[in-house]
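Order of writing sets the chain letters: A, B and C. Residues in each chain are counted from 1.
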Amino acid sequence: MKQGSEMGNGEFKKFIIYSLFLGVLILPMVGFPGTHFEAKRAFIVWGVFVGVLALGMLNQVVRQSSIYQKTLGGPQSFNRRVTKQFQKIPVRHWTLILLAAVAVYPLLANNYMVDVGITCLIYIVLGLGLNIVVGLAGLLDLGYIAFYAVGAYTYSLLNLHFGMSFWLCLPIGILLGAILGCVIGYPTLRMRGDYLAIVTMGFGEIIRLVLNNWDSLTKGPNGLLGMAKPSIMYPAFSNSGLEWATYSLKSLHALYYFILLIAVLTVIGVRRLDQSRIGRAWVAIREDEVAAELSGVPTTWLKLLAYAMGAAFASVAGAFFAAKLSYTNPNFFIFMESCIVLCIVVLGGAGSIPGVILAGVLLIAVPEVFRELQDYRMFAFGLAMAVMMVLRPEGLIPATRRKLGLSDIETDTIGELEESYQAVDSRT
Amino acid sequence: MKQTPLGNWRRAIKPSILELKNVHTYYGNIHALKGISCTIPSGDIACLIGANGAGKSTTLLTIFGVQRAARGEIRFKGRPIHRLRPEQVAVQGISQAPEGRQIFARMTTLENLEMGAYLRNDKAEVAGDMEWVFGLFPRLKDRARQLGGTLSGGEQQMLAIGRALMARPELLLLDEPSLGLAPKLVEKIFETILEINKNGVTIFLVEQNAHMALSISNTGYVMETGRIVLTDSAAALLKNEKVKKAYLGE
Amino acid sequence: MDTSSFLVQQLINALFLGSIYALIALGYTMVYGIIELINFAHGELFTAGAFIGLIVLAALQKYGFVQTHFVLTLFLVFGMAMAYVGVLGVAIEHVAYKPLRNASRLAAILSALGMSIFLSNGMMLSQGVSDRAYPALFGLKGITIIGARITYGQVFIIILSLLLMVALNMFVNWTKLGKAMRATAQNQVMARMLGINIDRTIRVTFIIGPALGAAAGVMVGMYYGSVRFDMGFIYMIKAFAAAILGGIGSIPGAVLGGMIIGGVEVAWSAFLPSAWKDVTTFIVLILVLYFKPSGILGEDVSETRV
């Protein structure tokens, strides 16, 4: 994703005026559940609208203000100095502090909060998986939740019909997810961004409709019930000597630590992918597919790989989700879920792992804690997504790799380079 | 390079219609125009010649505001136009038959010509001008109901010039009207350009076919890698040794 | 019911459904033709039209206006829904699309998607999550053709949508503004050099497209008797399939595609389990995109394209 646009002051003012106009426009529509005007409802909705807009404005105004330019924005800015101070402490320490906090969290929280934590971690895994497809490879996927469904249903069906354990089902689910990822990816390889979006959206719906309509296998909208929780075996000394005992991950705490482990592994996996040759090739495809192809990057194969990898992570999250609830039904996998995951990736900053984690917490945990806000969540985040694309397309925590882009090299240098090339040209 | 005394002399007797002063244009980081200055007297035909990639088309696009002039000044009849958007430049009375003809492929010849007169509301006069254009290019009349995309290259070129004329411009910018046409057609097109000029339209012509262009022009400019390197009367340029060697193939 | 009347009935159903899809598909195709962006919020604009129609209709009904001025009621309901949604469309264009005209495609798509989520959730918050009843205007009276029943409501809807399509075609081909729209769609830079204010033509496109969608929304509400905040999604996918099938950017293509998708869906429901009919649409969409992404009438020089 390139920089959206450098907004001038006039354009920004226009943007604000039109946004307010849009707000006024939605007011009558949102205020009439019947023939009478419901002021309270209308104004809450409107309040959220203005709130999101105000945040966007604040961001822009602060960044344009002279004080910010002097203190935080410039080359020797406060921001950069602070960042440098932070960078002196190695990333490893930060990660450890964060990990410790997350590990201690369930000991201090009540059951409800642990449950929220689990949901949050599931979405972070989903976000990181989609991050591979959208953030790294730059392929838009609006049907991502289908892979989540595949994971959930694979485990549910295999467990219910054949009594297979979670650990056995997990690789099968990953494999199925990856295969489906390729099946969906293959016909879309040649398509441009917006067609891709619609087709993946269609695929996502097909999966959901199949799950919904195939009564004999999936029990349709009623869903599947009664899957076993994952269990682990550990060596135990009993009367008859060394034996393998099973410990079922039934308690919320156990499940929390389990998904935490999955999330940590996902972070490590995505990070390693990002820094590998493959990751660089993905970024190359994202920035300029033709150039990447001409440089010998096998784009077809790598795009399929991106879909497959993303699908695999979603499948793991899905299997865990089904195991945790011991229940699944097609309505968990509606289009809006895909949108939530996409919001996490985009708001966090496509391609940025810390961004995805932060956005995951912001989108899932915060509305859970403030329950009244939950209904307004997608309303606000939808608007935020649009406003963000216009004002700050790089997301909350921009991916670091992008900072190394051409834009940071002084334009003058390029100008000089260009002139020297031309000088050579004219001599020849 | 500075203007020759001849150029100054011309400006002294004829009012200039278009004036470029030290115009710089960039494509991203590429410095395409490096300080172009030229003056086009009212009622003349001026031509800009040079090799591929010298910045000839960029000059025309910059005049029209399609490319923004990063520095410098462009004046049309004394009014600065370098800050205007293309649709505002069109209102001033300039029209262009751009590089690649840019015909609306899924509109008929007639509709293409009508679009040329988009800014005009005087229906009777537009109809008159349409007849005039059909008089200049009778081929277009036969093709009136045909879609622009199905016309031949020469017909498209005529259509592009015709469309530009439909705006009844004071200044007509022509970008490579001879490109890809048969020699006979090239001659016909240049004859027509002369005829258009006789109707009082100032013409700024960009050409690779230097000989043809110079032979119908009053003034000529030679462009090299983003700079105007030579300015003189067209007749003088035709005799200039350097020009002969580089552009006339003699 | 014998075979022939059954077939006529299905034909009428297909025509009805097809014209609704066509009206929505026109919005996609026009917007795509002019700014090469899929207006993801279009499905929500369609739903918004249905809701505005509902609000106006309910208000008119409350004061007994419907019984006394039936034709005027229809005019008001459609007129206000279309006008409102047209303005809403322009507002969205200015907020979410215009600033991103020169940005990357992905940014523009995400912004459009954000607007879609925003509108759909806004409607959920205000109009509730359940079906909302639409007042029945036409009742069940109708006429019988070869044993097939067609209600006055259906007749009205089919005629109105055909009228709207004809009006659009006339606008695009015969008026100066309509021609300017086509010119802008075909070559923006050249259009600007001829003095066409492309901001204005884009604005007009964003009035007309959503307004047609809004009309379709009111029709769907009237015909099925209920509306829901998320009904736009499925119509959006189908109308999009129609636009692609016909060749995106082509106005006759959108109409043709809409009729085909409507026909396929009706035929499927008539002979095969109807629970799977939506799956068929998706599969048609994917097959078309894979084998002939330009559609039936798209990208062909001999076609009118907006």
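Structural remarks
The working rule: a residue touches a chain if its C-beta (ideal position, glycine included) is under 8 Å from a C-beta of that chain, and two chains touch if they have at least 3 such contacts.
None of the values given here were measured: they were computed from a predicted structure.
The busiest chain interface, judged by C-beta pairs in contact, is A-C. Greatest Cα centroid separation from chain C: this falls to B. If each chain is reduced to the centroid of its CA atoms, chain B and chain C end up 44 Å from each other.
Mean C-alpha position of chain A lies 52 Å from that of chain B.
Put simply, the C-alpha centre of chain A and that of chain C have 32 angstrom between them.
Those residues of chain B in touch with two or more other chains do not exist in this structure.
The residues of chain C lying in touch with chain B in their complex are 176, 179-180, 182-183, 186-187, 189-198, 301-305.
Only residues 64, 66, 85-87, 89-91, 95-96, 98, 102, 104-107, 111, 114-116, 118-119, 147, 149-150, 163, 167 of chain B touch chain C when the two sit together in their complex. Looking at the complex, you find that chain A touches chain C at residues 1-5, 7, 11, 14-15, 18-19, 21-22, 25-26, 28-35, 38, 41-42, 44-45, 49, 138, 140, 142, 187-188, 190-195, 197-199, 201-203, 205-206, 209-210, 212-213, 335-336, 339, 342-343, 346, 375-376, 378-379, 381-390, 393.
On the side of chain C, the complex with chain A involves touching residues 37-38, 40, 48, 51-52, 55, 58-59, 62, 84, 87-88, 91-92, 94-96, 99-100, 102-128, 233, 237, 240, 244, 275-276, 278-279, 282-283, 285-286, 289-290, 293.
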